[in-house]
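Dropping the structures in below, format is structure tokens.
You will see chain A twice below: alongside chain B first, and alongside chain C after that.
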Partner chain A sequence: MGNYSIVAEDLTYWYGDLVAVDHISFHVADGEILGFLGPNGAGKSTAWKMLTGQLKPKGGRATVLGRDIAEDSQKVQGEIGVCFEYTNLYEQMSASENLRLFARLFGVRRFDDEALLRRVGLEGWGKHRVEEFSKGMKQRLMVARSLVNQPKILFLDEPTSGLDPVSAEAIRTVILEERERGATIFLTTHDMMEADKISDRVAFIDQGKIVALDTPHNLKQTYGKRALKAEVAADGGLENIEIPLDMDETPDAVRELFSQKKVITIHSEEATLEDIFIRITGRGLQA
Partner chain B sequence: MNLRRVGVLLSKELFMGPKNFIFIFVLVAPIAISLVVSLVFGTLFADQATLGIVDEGNSQLVTLVEQSPSVASREYYDVSQLKEAVAEGAVDGGIVLPPDFDGSILLGERTVIPIYIWGESLAKNRTILTVTVMNLMRELSGQEPPVEIETVTLGDQESIPWNDRLFPLVVLIAVVIAGVMLPGTSILHEKEKKTVDALVATPTTIGEVFLAKGLLGVIIGMVMGIVILLLNQTLGSQPGLLIMVMFLGSIMATGIGMLVSSIVKDTTSFFATTKLFGILLYAPAFFYMFPELPQWIGKVFPTYYIVEPILQISQRGGGWPEIAANVFILIGLNIILVALMAFTLSKKRQYAV
Partner chain C sequence: MNWRTMGILVSKDFTLFFRNRFFAVITILGLVAYAAVYFVMPSSVNETLEIGLYAPVVPPALEVMQEAEGGLEIERVESEEALRGGVSGGQYMAGLVFPADIMEKFEQNQRPEIKVYVASDMPDEIREVVNSLITEMAYLQTAQALNIDWQPEILGRDMAGQQIPQRDRIRSLFAIFILVTEIFGLAGLISEEVERRTAWALLVTPMAVRDLFTAKAVLGTIMAFSQAFLLLAVVGGLGEQPLIVVTALLLGAVLVTGVAFLVASLAKGFLSIIAWSVPVLVVLIIPAIGIMMPGAISDWIKAIPSYYLTETIYQVSNFGAGWGDVWRDLLILAGFNVAILSVGVLALRRKFQ
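Up next, the complex of A and B:
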């Protein structure tokens, strides 16, 4: 990958005595989806706020679209889209009015709110007040709002948190479409399944530090363990057997399983990102 | 600072206004209070100011007064009959035109005309009578008339009409409610709903958000103040000066509202604070309501410098020379308020821009 949309160098932020983001450095290439994974309180949102110009870094620097975000935040904000974890729409306004207001703030002259609503599955809801919407619909409208200026980078903070599967899938589809359009995506989440599905690379953040950063595949290769899991008949019941796949004795163990046991079910199992996170940090993502 | 974005935000405020209870309240409450005061104290459907005239010569001024749309006139045959009518409140005031009055003023001879004023007449009626008589004399003589009008109050001089006593309070309510409540609650609403986070994640700055809300308070405060003056038929003689004072008064009220909203945590604290300290904003009105109180105390309160120039113009027929000192104090207080707010905002600002 050639140019970098985001470059963070030694980025630091603290609230009083608490260091929320502790000298982190990373980069995100143009058109890349970076999943920023970590449990609640790990420092994800603080890093996200610094990168979107909502907080000034207290140490280090971040360059977004080639501009120092602390010095040139207004120009950067004109070219990025931001979707918040919490709902912050004007609930007494309609969906279209919300979108048009933000389009005007971005100085977008030609704007088709209906087309944008269609993209997020809210076709026909443009004239309805947002207060009538379900949580999933509001979240989809928030994603739509973050797209009004056709951003070069899309910053999404827990975009599918607590949503029904249909809404979550609609949002994931939009994220992938945006990547296709050429946008860079910075996705903050603690949903490892989501990060695994759509991220090109994932960064694990824990206690303000990045503890791992690579593609999901490489992380699984490096930190995960593969195994064969089988259910076999035993004494009128079932017994579970697990055979590690990457050991010298694995072929013998598999042969022995089939020759000496009555195998009922068998499947291979890969490590999940959560398994890897636990292995690296010693605690889970939901912590 | 981008004025286009400020305009977008201001139009959003105005667009959302009718859907907002506070917005409706600041529009309706002052008008309702003003109408109730006028209804209760009997001035809502009151006739225009009445002027009694004793014409000892054959003055053209009588014809001019009769033709004037500002006052109703009644002619009396002698001074004692006129004084009796004024003392009983049959007319708001009365003048005696001496023989050859017209000839004297055309020759530029200095003349003293007594104007008898009913002690319980409305302040605006007194102003209308004095101003109208002076204007008509100017029309008659074709120059600044060499006439001195000497006011003589008849009847119960201590009894100021309640409509006049309550007028400063109604004016303050109109300006202060709109100026303090609208921007204050709007800022806190944005903070509580976190919509301000979405705004400042665009190229919009927090300063632009505050400016738009401040403009909303100033515009609505000024409009409501003018509406109250119109309802009380007191916009009359110097509308330009009154609008200027209303504008400065709305800036003060808005500055106070925004300062409080940038300090307090939420809407509940805002309402508690404005309830607690709101009495200080309305305090000057109580000194007009009860003239027996030491009047100098009223000057301690900043809103005195809003209401005093308004009363000076609308009820006492004053002009720029009479209000200049108070207006400069009002401007000074506004500068201090804006500086305080900018300082508080810069200290509390959580945003990068």
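Up next, the complex of A and C:
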């Protein structure tokens, strides 16, 4: 077993009577991408805030890079990168000024803002004020800002939420590059496609509790059902036929399909993470 | 306390402050306007009692009085109508009309009828002075001069002939104005940091909340102090004891910083800042207005912290007061600062949680 960048033990937080995070425990290995999935209000942002030192846990503890985040948050914050869900850039400053400001706060001596802007597809925009940027450009700049100190862990809160496909893909590429560099990624999202694409493991959080935690593949194996879906000609129209793949009768059913029907289209279908989430929690990720 | 971090934050806030056109323009315009108003105002006080006189015959006693007493200037006019015009137009503080038989009446021990014209806005004091002047002239003319000798003893510096011009009285008011205007600027910066949630981006870097607050306090103090100091230096308000004025301005700058923290903790958005700041601003400038209108405001203004700042600047700039005269005021001001800044920090902290 490798070393763990993040270890949460019985982590708990409540706002008044509402328990937002309810005794959750998990770990994230060095260099791993953990997708933290859940609907709005499930507690993922509260957990994210505790792990980044913005909130002090009211119960349990979390160690980040081997340090207790409640006791040693400033030291931890020097080695992590945090990207917020909402835009919180200095709009009256240029993109480069924003990046340089944070590089100075992190004490980075040799900082190449142009190279970082290039990585997120904002080359040539360094001298422009952020207020001139589109939402996608601002979000890419936010990701760039979280990288100024070459963090050992990157905490990303809904980094592609509401973005155009180009900006979202640019951000996903950067996340994967960071993983290649050796960084650990903690990604909170309610976009199951994104989590499925880039996460090594995903945790489902619902009503403050982790209800499942595994690789996307294992979750699909455990909770999902695989099937063949076919469109066949029938009475001048089309008929949909679904054949489950994990049954003893499956080979016969497939043979029968091709011998007795005119197959127009056929494809295999796996359960999505959203299907699994609904199966486990009884409600969708968008809730 | 991380000084390097504070330096970075202060420099960032200076950049943002001057990129906000409203604050930048109002700051520069304010400085220029206050200085311009100061230099346009008269630099001396007219202590001469200017009186218009329409009199076919002038009693010799009046001429004697005019020669004997400095500060009395009597100008004869051709007609009563011209006299009325001169008083109404502000050329004379008062106008006297002596009857043609004034000397005969005096000689016959009768009461001559003297008309006195005064403008409607003339204060009571001037009316009293004119009445006294006529009475004294009558006594003198009828050889009934008061049988007394008197010798005034001036307590403190004799300001006769060197009254404080309005523009020098107003210097304290300008200094207070400049300082309190910074409440808008600093509260605006803090509020924007909260509203745009940039503060949270800062607080996930290796810096503490106290670094952020200290940087804001330093910025507010520097901004307020430097402008007020610059203005007083330009208009000669540093007096003979510049160190005392500098100390007072520094304490005043800390005071408005504390108030700005409080306003920022209450306000949400720019309009809200204006709404919260204006009442505070009005209260803080009351002591300075009191200096413009001595006697108009009673002792309750001592409950306003800016009273001690205003009084110190006024006393040092205009009367050459020293440390011995103002140390109590400065100490009380420092006490107010500790209280207001502490409450401001506590209130603001709640917003960052």
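The definition used in the following text is that the second predicted complex is superposed on the first by the 286 of 287 C-alpha atoms of A that agree within 3 Å, B and C clash if a C-alpha of one lies under 4 Å from a C-alpha of the other, contacts with A are read in each partner's own complex, and residues count from 1 in each chain.
The definition used in the following text is that a residue touches a chain if its C-beta (ideal position, glycine included) is under 8 Å from a C-beta of that chain, and two chains touch if they have at least 3 such contacts.
Everything quoted here is computed from the prediction, not taken from an experiment.
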Superposed partners chain B and chain C on chain A - clash or fit: clash
Partner chain in contact with A:Q54 - chain B first, chain C second, else both or neither: both
Touched partner set for A:A70, first chain B, second chain C, both or neither: first
Touching partner for A:R201 - first (chain B), second (chain C), both, neither: neither
Which of chain B and chain C A:Y90 touches, first, second, both or neither: both
Which superposed partner A:K152 touches (first chain B, second chain C, both, neither): neither
Colliding region between chain B and chain C, picked from 45-53, 99-107, 117-125 or 135-143 after the shared-chain fit: 45-53
Common interface positions of chain A, toward chain B and toward chain C: 52-54, 74-75, 77-78, 82, 84, 86, 88-93, 97, 101-102, 104-107, 145
Complex contact set, residues of chain C against chain A: 4-5, 8, 12, 15-16, 19-20, 196-198, 200-208
Chain A contact footprint on chain B (complex, rising order): 4-5, 8-9, 12, 15-16, 19-20, 193-195, 197-205, 350-353
Complex contact set, residues of chain A against chain B: 52-56, 69-70, 73-75, 77-78, 82, 84, 86, 88-93, 97, 101-102, 104-107, 145, 149
In the complex with chain C, residue positions of chain A that touch it: 52-54, 74-75, 77-78, 80, 82, 84, 86, 88-93, 97, 101-102, 104-107, 145
